[in-house]
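In the two assemblies presented below, chain A is common to both, partnered first by chain B and then by chain C.
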Partner chain A sequence: MSSTTASAAALPADPKAPAADTVKKPVNPRSAKRRKSLAQWGFIAPAVIFMALFFGYPLVRNIVMSFQDYSPSTFFTGEAPFNGTDNWSNVFNDGLFGKALWQTILFTVGSLVGQFCIGLALAVFFTRRFPLNGILRSLILLPWLVPMVVSGIVWRRIFDQDTGVLNSFLGTIGLPGDTPWLTSTSMALISVILVNIWIGIPFNMVILYGGLQEVPKELNEAAALDGASAWRTFRSVTLPMLKPVITVVLVLGFMSTVKILDLVLALTDGGPADSTQTLGTLTYQNSFVQMDFGAGAVVGNILILISAVFAVFYLRVNRNEGK
Partner chain B sequence: MTEPSPDGRIRRRSRRTRRIVVPLTVVSAIVAGTVLSGCGQQRDEDVYTVMNSSTDESYHRWDGDTLKRCSKQLGITIEQQSVPASQLMTKALRMASSKSLPDVLQLDASEMPTFAEAGGLIPLKDLGLTTTDIPEGIVDFGSFDGKYYGAARTVNTLALFYNKDTLDKAGLEVPTTWAEMQSTAKKLTQGKRYGLALSAGGAEDGVFQFTPFMWSNGGDESKLDTPEVAEALDYWKALLKDGSLSKSTVNWTQADVNDQFMAGNAAMMINGPWQVETLNAKKGLNWGIAEIPVPEAGDDSVGPLGGGVLTVPNTGDTEREKTAAKIIGCMSGEQEEISYAINSWMVPANTKAADIWRKKTPELAALADQVATARSRTAKVGAQWSSVSLALQSAFQSALTGASSEAALKRAQQQVTSGN
Partner chain C sequence: MATTTQIPAAPAPAVHRPRRRWGATVFGVVVLAVMLFPLYWMINTALQPDASLVDVGPVPTGVDFSGFTSAITEQGTNLLTSLAVALGAVAICLAISAPAAYGLAQFKLRGSKTIVFGTLITQMVPGIVIANALYSAYVDLGLVNSYFGLMLADASLGIPFAIVLMRSFMVSIPREVIEAAEVDGAGRFRTFVQVVLPMSRNSLITAGLFSFLYAWSDFMFALTLNTTDDVKPITLGIYQYIGAHVGDWGSVMAASVLSAVPAAVLLVLSQKYIAAGITGGSVK
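Here is the complex of A and B:
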């Protein structure tokens, strides 16, 4: 701001400069600043338009849809009469909703705890130097590369009670080889969680491994000099340093786990006897099997709401970290 | 809020920034426009489209050949568009809202009522198609609310497949009643081999497989909590308890059942003719086919009718709709039906074509008999079938995993009635 006068004075003194002039044409700094900010908005605009079109619109549409009688005929007539909270009360009165909600919670918590603990253990393990470290680390990434549906189909075979590899393996090492992995109502959800843990380990490991690289070695050495045990060092030095990374891993993991659909469909189709139905499969069933798009939208909205709560939580934590 | 200031500076600024902002906005608009315009395709005057779920290479090729012949016969160009079966319905609905429906739409017969109820289909008789030589059951199969919307080329149903060698070695006859099937299956259950395999999975596959047991016993999909349905379910439970069925049955699709049968893990299976191509590809597998056993000797074996029907979507263009009906007429003509039936191992819908087909493929005669008494899933409950199906799959799965059949079916009926 202090140099304004000088350059502003130079402005009128500058007649049409020849093209060859290498001296930069001075500009009015105030308008330059405004131009800059407008240019910034210009660069943001595509993102804003994109977000509004592909996130904002569907989101609002979905909320509106949950208050409408949206049936297949709507696609022809364009008419979707509003029916108040009918869709909501239908969904809440359906016994399956409570069951699916509870199973979604179990699935999410179970998956996150499993993925995180194993992922962290592996990440710590790989911070040591030993032969084949790199190769082993990349091998562990494999589940990440396999499409979810393929994992589902392969694991369904592995879990087969009679002809599955897992049970025959357990049988040969002397354990009971007739575990009803996917065929008992009490076991199926656990099996689906196990597969999801297997799928989620690489993501957790990679991110946490990256985080561990950032922890200065000197701190560990200092702790060791102070006489702290390895476990104490890990708990009091490494973990607090990892906290921002842990938040990222858990929140992102939560968001991808809570909406689980494809894995469940490929493994059990929500069965046996609805014992693996989650909110994700319920949305799918309402919308694309029963063609009751209003009810599907209700469950979808509930899922979005749950995710939004965690997204806000994540943003808050991140903001505090920045301070 | 406030009126824009007439101050020249502001206008000048906006002129300058327009140089940057405008192109960027245009770019975003173009990007968005390109993406969105994908939804609304313009119909080509001379090109007619048939949308089906023939995504398998062989089916796609067979349909392509049929359409080539029909194009020639009708003097038009017909194109094929194949979408995975599970996405066909939603894709068609989306096309309806963007007014870009194909001229002919092949729907699964169980999904047709939903589309018809929405006002999406034109009755075929209005467009000049007749139902001469089509058995009543198959006309019902393509009808909703008394109107004939869908022409079937071929139909399929379920039958009992058995391993001839295994049965011969054990000196057993092919079972014809429930009691016989239970004892035969028990005798054939040895080591890793189960006597029987069927699908009781939590999807339409399982429900499809349950219907012949429910219907042959006099049960009905419009009332699930009857003793007849419970008896059918108890029969499944008994087979499971005997060990004749694998416990994994509740997790198997029909394709899994076929895999188990081919691997020698099951001596008999309930399955459909679409597996024949795979079964024939396996050398050394000597299989036979029979009607699904009935509760008591002399009962009718009532199986479910399956397969696709050709429909004309309501596009509002009467001329094109008439031509679409002609395309369907060609595709479901006697000759086309026979060649499609022989390719796909299904039974022609037309009686005359079915007679010729029967002579050409005597080994599948049992299937033709089964089709003669087979029933459509949606004839009674129409578009409500999807709710009935969901309730029923949940019911037989809970019964097979421990609950009592009566309680499970009672809850299923409540579920259907309350509309949840």
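Here is the complex of A and C:
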């Protein structure tokens, strides 16, 4: 076809093409085809190499590391001897792992339920037509722009037991104004979940709002004509239509919540007494605080395993959506 | 419909309907106020002269910029570091993902599907797992405490998203446009640079914006891939700040405000791109 001759003529201008010695000599179609696909791979190869190095390599390396003995001196001596399943049994026998796993579940489920319900309620609310709707809707996205670790620090200030504005506000309206939001083992995880709900609401709202826009208005009108109440229409017409979007929101929300690190470090550093330790922070603690990368890799691998289960689920949904 | 002259004729509906709609606006404002309160409080605290005291007023009475002065003195370089790292990450991200997105969208290559699939998967790898393995590799390669090392790591936050986003846009570029360019004698690479990239401008901007925001707010790579103070982005700077100056909340909050400025500026400049990116990139 003309495209092969055209690209051969223009080869000097194409730095990604394999070689410049191919100008205008009669070529057999097979090698021309191979050259064409080689040049095409030139576009994709950098990305593939990058992703192999920054995603593939860490995945493999973490598995290997989880069977190696790392200590602070490893980075001077370069020696990390294999130690069988020692890291695995150490991690599993340490009570902290079970605690972190349980807290990760509570944190993830609590955050998702809160984010989703409030996000959906707001999305439905914004489908109504009222003045300033558009401006209000886009301003709600603002919290998104602040780096998560910075949001965490701002909330840490708000939550302060003695000098924070939350307690002083609660005191003013006659409620107990001395809740130790971040400093008691019973409250800290709840507080961290509350902040994460706050962070997740805009995302849930935007995606669900987009989904609601796709639901044909005629369906709701038809249901209303049939005498269905607003709630009944929402439950039996809108929600089923929204199901694909809901799945995507929940799975993406799960992915970003289960591995959380920034927020917890900024709010509590995993404390008090490990009451906000999650699998993400535990990986960090093991590797970068105690310099035991083997133990960190074990927890990291479990985190990957959990994510992988959901990744499969997500891709399933995504594929069904495509058709 | 109900114009002003008709009000006497039909008073009830004309008054009733607008009031109900403004009721929703009032509710919306209340929701927004609650959602944005932490940001307001950040600014308020930053402007108070004695922000460490218990009774920080609900509005700053005497506006005081000393928090900002000390934040700029102590965190100014970190802001510049963040800017440099984020811009570098955007450059790397676009240079790698734009050609790939084009290739995956327009070439019929065996294995393309697998790569797109792989791209989706990478978005699910927990960052701390990457940091865990990268750290030792970075030590061996001498990339710890280097700008380039952090730019590369931060670019990884945006690349899968950028590929997915731009690919979904470039799929819709008609084959004929590309073939016409090639018939006119442009090479594959020139066609890409001179035809495809200009046509995909909006998706490039969106992808660039998001990779900037990802890199700008990165904390995890900054925390794990740096062992000295040589390369310290603002996120890491603020985090270490509260360790050292817990009493000086005015400066901490001022630094926090400054950390939100670039993102806010970007949002104002490019709101429509961001909204398109959010919905396009995550749902499709």
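Throughout what follows, the second predicted complex is superposed on the first by the 265 of 323 C-alpha atoms of A that agree within 3 Å, B and C clash if a C-alpha of one lies under 4 Å from a C-alpha of the other, contacts with A are read in each partner's own complex, and residues count from 1 in each chain.
By definition in this document, a residue touches a chain if its C-beta (ideal position, glycine included) is under 8 Å from a C-beta of that chain, and two chains touch if they have at least 3 such contacts.
The shown structure was predicted, so the numbers you read here are calculated from the model rather than taken from an experiment.
Novice: Scan A:Gly210 for contacts with chain B and chain C and give back first, second, both or neither.
Specialist: Touch status of A:Gly210: second partner only.
Novice: Who does A:Thr163 touch here: chain B (first), chain C (second), both, or neither?
Specialist: both
Novice: Could you say whether A:Ser31 touches chain B, chain C, both of them, or neither, answering first, second, both or neither?
Specialist: In the superposition, A:Ser31 contacts chain B only.
Novice: Of chain B and chain C, which one touches more of chain A's residues?
Specialist: C
Novice: For A:Phe288, is the partner it touches chain B (first), chain C (second), both, or none of the two (neither)?
Specialist: A:Phe288 contacts both chain B and chain C.
Novice: Would you sort A:Ser184 into first (chain B), second (chain C), both or neither based on which partner it touches?
Specialist: first
Novice: If we overlay the two complexes on their shared chain A, which of chain B and chain C does A:Leu145 touch? Say first, second, both or neither.
Specialist: Only chain C; A:Leu145 stays clear of chain B.
Novice: Under the stated touch criterion, which partner chain does A:Ala39 make contact with: chain B (first), chain C (second), both, or neither?
Specialist: both
Novice: Just checking: does A:Pro72 make contact with chain B only, chain C only, both, or neither of them? Give me first, second, both or neither.
Specialist: In the superposed model, A:Pro72 contacts chain B only, not chain C.
Novice: Determine, under the contact definition given at the top, whether A:Phe234 touches first (chain B), second (chain C), both, or neither.
Specialist: neither
Novice: Give me the intersection of chain A's contacts with chain B and its contacts with chain C, in residue numbers.
Specialist: The answer is residues 39, 41-43, 46, 50, 75, 156, 162-163, 288 of chain A.
Novice: Which residues of chain A touch chain C once you look at their complex with the stated criterion?
Specialist: Against chain C, chain A makes touches at 2-3, 6-7, 9-11, 13-17, 37, 39-44, 46-48, 50-51, 54-55, 57-59, 61-62, 65, 75, 122, 125-126, 128-133, 136, 138-143, 145-151, 153-158, 162-163, 165, 168, 198, 201-203, 206-207, 210-211, 245, 248, 252, 255, 258-259, 261-262, 265-266, 280, 283-284, 287-288, 293, 296-297, 300-301, 303-304, 307-308, 310-311, 314-315, 318.
Novice: What residues of chain B sit close enough to touch chain A in their complex?
Specialist: By the definition above, chain B touches chain A via 9, 12-13, 16-17, 20-21, 24-25, 27-29, 31-32, 89-90, 93-94, 96-97, 114-115, 117-120, 192, 194, 201-203, 246-251, 260, 263, 265, 314, 386-387, 390, 393-394, 397-398, 400-403, 418-420.
Novice: In the complex, go through chain A and note every residue touching chain B.
Specialist: Those residues of chain A that touch chain B are 31, 34-35, 38-39, 41-43, 45-46, 49-50, 53, 71-78, 90, 93-96, 156, 160-163, 180, 182-185, 268-274, 285, 288-291.
Novice: Using the touch definition up top, name the residues of chain C that touch chain A in the complex.
Specialist: 21-25, 27-29, 31-32, 35-36, 38-39, 41-42, 45, 52-56, 95-97, 99-100, 102-104, 107, 109, 112, 115, 117-137, 139, 152-153, 155-156, 159-160, 163, 179, 182-190, 192, 213, 216-220, 223-224, 234-235, 238-239, 242, 249, 252-253, 256, 259-260, 263-264, 267, 271, 274-275, 278-279, 282-283
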